[in-house]
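Look for chain A in each of the two complexes below; its partner is chain B in the first and chain C in the second.
And then the complex of A and B:
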């Protein structure tokens, strides 16, 4: 039975639950908007990285380089889209 | 067909390696797709018009249930991949089945949530905010629904054919897809729900 629950996966799962609990503090505790968003940004990106490395085995095959390059490319485009939109359509008019 | 036994079976052939790389490229495109949805959400979230705002319609209980269910299913699909690598067919099928049941539970809670939104007057046509909210949640939900069918057919194939270079490759790729849906949900949970209720 024990060999079905490798430490790496269990630790990854426990960490993701802890990060979710930390993210929840923005709902249950009273804090400023800036503080809350900072906590959410940190917990969300750590948790995404955790899934990628612990669960998705991103670094274990021969084409590791191609896989990471492609994922970073996707993330970069997504971030430019989100922050570029915020910059041109929201923040510029505040 | 040349099988490299120094690698896990799902990587064992050249074709398999290419399938996995190809799927990562697809996931890269999916990251960008959800990036555009989030960009639109942040643009439209204050456009509530005469409709309700996020703080008025979001409920913490179903959202928390969905999050924990999806996180757990991401864990169990990881265990299924591990069981596959140690050549334990029974455990692989069990973990895959648990993952699908959790996926179905997630979807049931989401359907409940959508019905709740409808009853409080937040439909696709109410305001810019509700339109982009339901589009973003719906796109994620549609991915989960598709994944349920996909996963179910893979379960049947492994049951029937056992572990072959094809079935292990398919179920590994399915596990990548499922983990990806969990990653997207983490961002929905943080930047749509928690940010909205803060």
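And then the complex of A and C:
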């Protein structure tokens, strides 16, 4: 019976509900813009990782290595693009 | 009548009217020709509905050659216009449209199509697969590309061409400065063909990762397949940026948003930024497959194995990552500080290192080799010195402080043609000649091919080297004319002469196809070049199922091993083979996309809605369609193999 119970998925589901609740506090509680956007960004990225691992089964097949390599590569490119753009157009702009 | 007024050209000229007539007559001639020879059925069954990667590859390459003609004609017009000072052949507006069209057609519809066409044809053969992972998707990719290309190509006779350059910088490309529908054409044709390219990227990554022959580990893949894998990874990561930038641009132009406006909180430089975030990786999407082709050809015709296999792979991986770190070097002069320019200067120069490694690897492959000077090898040999010159001027441009002198001059134009023509175009022609017997079962004539090579190379040198000098002397790019006092006249005339030689080269290359089709012997056998990699282990032209028996591989040069070292490629017996069915759905879907794009360009909303329903309907149909493919029976395979004369 223990093997049949999808414990991992249930935990993941509960976890994603908690994250959603935390994100909702931004709307219901009175906080500064910076605080709110930080909470939203952090919960959003954890949520995305959660979905990928628990519900899209990223680590469960033979292609584990290829999938994670792709994900990390994608994250690296996204970070470079976003922060490179900020550097070019805002921080480093004369 | 009012409805049709929007289709009028805003800036007509006799040339355009002549083109309209020519296009009309050509279309009529094609329709009459196909009907007269009763080929509609054949065309539909064998080509338009095919999902065979080889035929899709060939269709890509035919389209690419057509686009090469279109873009080449534009190039000759530009060189003719600037051949003498104060020329009045084209006016400023017309010249703007011509260079914009030239750039877009050559990059998106010629070079990309040629690269993807060769990948389509060669990669499944090199890894011993029967087709790509998603054959139907592959057909959709091609037809979306084709729809996009056609949409772009009709712009100059219906509604007017885009005229803001192939880089399409805002705010010039916004509605304030580009009032005609031209830039809408740019947005939608690139959007549609870009979706196709993105799907190709996914398709080939899966194909290469999942469908290799038994024994072919990643580090035992032929070099062209490696380059294709890396290229497609870059496609998947770079193209979404273009998709979004185009969408934002479309919103700005057609729905009044202000993403790229200089007012209302918009940021005009953001377009240039996003365009090059995609645009610089795009450069490597074009050049890496070319590197792969050269690696195959140089190894084959030096009759040695490729020097430094691991460093070749490693340098491509490094290039793929660095290609995302350099985009700001396209706009060093646009107002960021020394820190930003310094960072991107250094990353740009860093890319020269892995590229240099590859150049040395090719040279060392040839070292002490028995070199055969065939046409593909000539292109590869011409590539090395010419491309190196282009690379060196690239490093010059990478020096941010010096770039203030070079920026937007003919020096830059000379540089990127210097890397793209000997890099990409030479590679495509070399690859086409090299794999031609695999596609059609006969060789291209060597003598005419060599004439073509020399005309192209010498023409290239005459056309582009003078631009380095005029550029340093201050001739700006995209200027439709100049005064005699500038002294640019003679060198530009030399450029025009070079362009003429290149046009002759193109004619020779096309004539070579015709000549060889008529006169070349058909008994070339399996291995006309004494080649090394797996694609040569099957018949010429390749049968539908590629390999009668799945090959077993133990090195990157499996075919060479089977010839020289007694490796047994085919261990199993012939059994029935499962193949995908043809489908008319991809071409119909792309037809809807074409109508969608065309209606959107002119904001004809009823057309947009109807074609969008058509697109969704076609996709829904696919979801409920039951298509399990078909089997080619054992007898049929044996019969085919016997016809080729090689029962295994």
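Following the convention adopted for this analysis, the second predicted complex is superposed on the first by the 84 of 94 C-alpha atoms of A that agree within 3 Å, B and C clash if a C-alpha of one lies under 4 Å from a C-alpha of the other, contacts with A are read in each partner's own complex, and residues count from 1 in each chain.
Keep in mind that, in the parts below, contacts are C-beta pairs under 8 Å (C-beta built on N, C-alpha and C of every residue); 3 or more make two chains touch, one makes a residue touch a chain.
Note that this is a predicted model, so its numbers are computed, not measured.
Per the definitions stated earlier, placing chain B and chain C onto a shared chain A by superposition produces a clash between them. Of the two partner chains placed around the shared chain by superposition, chain B is the only one that A:44 touches, whereas chain C remains out of contact. In the superposed model, A:53 makes contact with neither chain B nor chain C.
Of the two partners chain B and chain C, more chain A residues are in touch with B.
By the touch criterion defined above, A:22 lies against neither chain B nor chain C after alignment on the C-alpha atoms of chain A.
Residue contacts after overlaying the shared chain place A:92 against chain C, while chain B stays out of touching range. Applying the stated contact rule after C-alpha superposition, one finds that A:4 touches chain B and leaves chain C untouched. Of 186-194, 258-266 or 348-356, the segment of chain C running into chain B after the two structures are fitted on chain A is 258-266.
Applying the stated touch rule to the two superposed structures, the overlap between the chain B and chain C interfaces on chain A comprises residues 63, 66, 70, 73-74, 77, 81, 84-85, 89. The touching residues of chain B, counted against chain A in their complex, run 7, 11, 17, 20-21, 24-25, 27-32, 34-36, 38-40, 42-43, 60, 64, 67-68, 71-72, 74-75, 77-79, 81-83, 86, 88, 91, 175-176, 179-180, 182-183, 186-187, 189-191, 194-195, 197-198.
Those residues of chain A lying in contact with chain B across their complex are 3-6, 9, 12-13, 16-17, 20, 23-24, 26-27, 33, 36-37, 40-41, 43-44, 47-48, 51-52, 54-57, 61-63, 66-67, 70-71, 73-75, 77-79, 81-82, 84-86, 89-90.
Residues 209, 233, 237, 241, 267, 269-270, 273-274, 277, 321, 324-325, 327-328, 335-337, 339-340, 343 of chain C are the ones that touch chain A when the two sit in their complex. For chain A in complex with chain C, the touching residues are 63, 66, 70, 73-74, 76-77, 80-81, 84-85, 87-89, 92-94.
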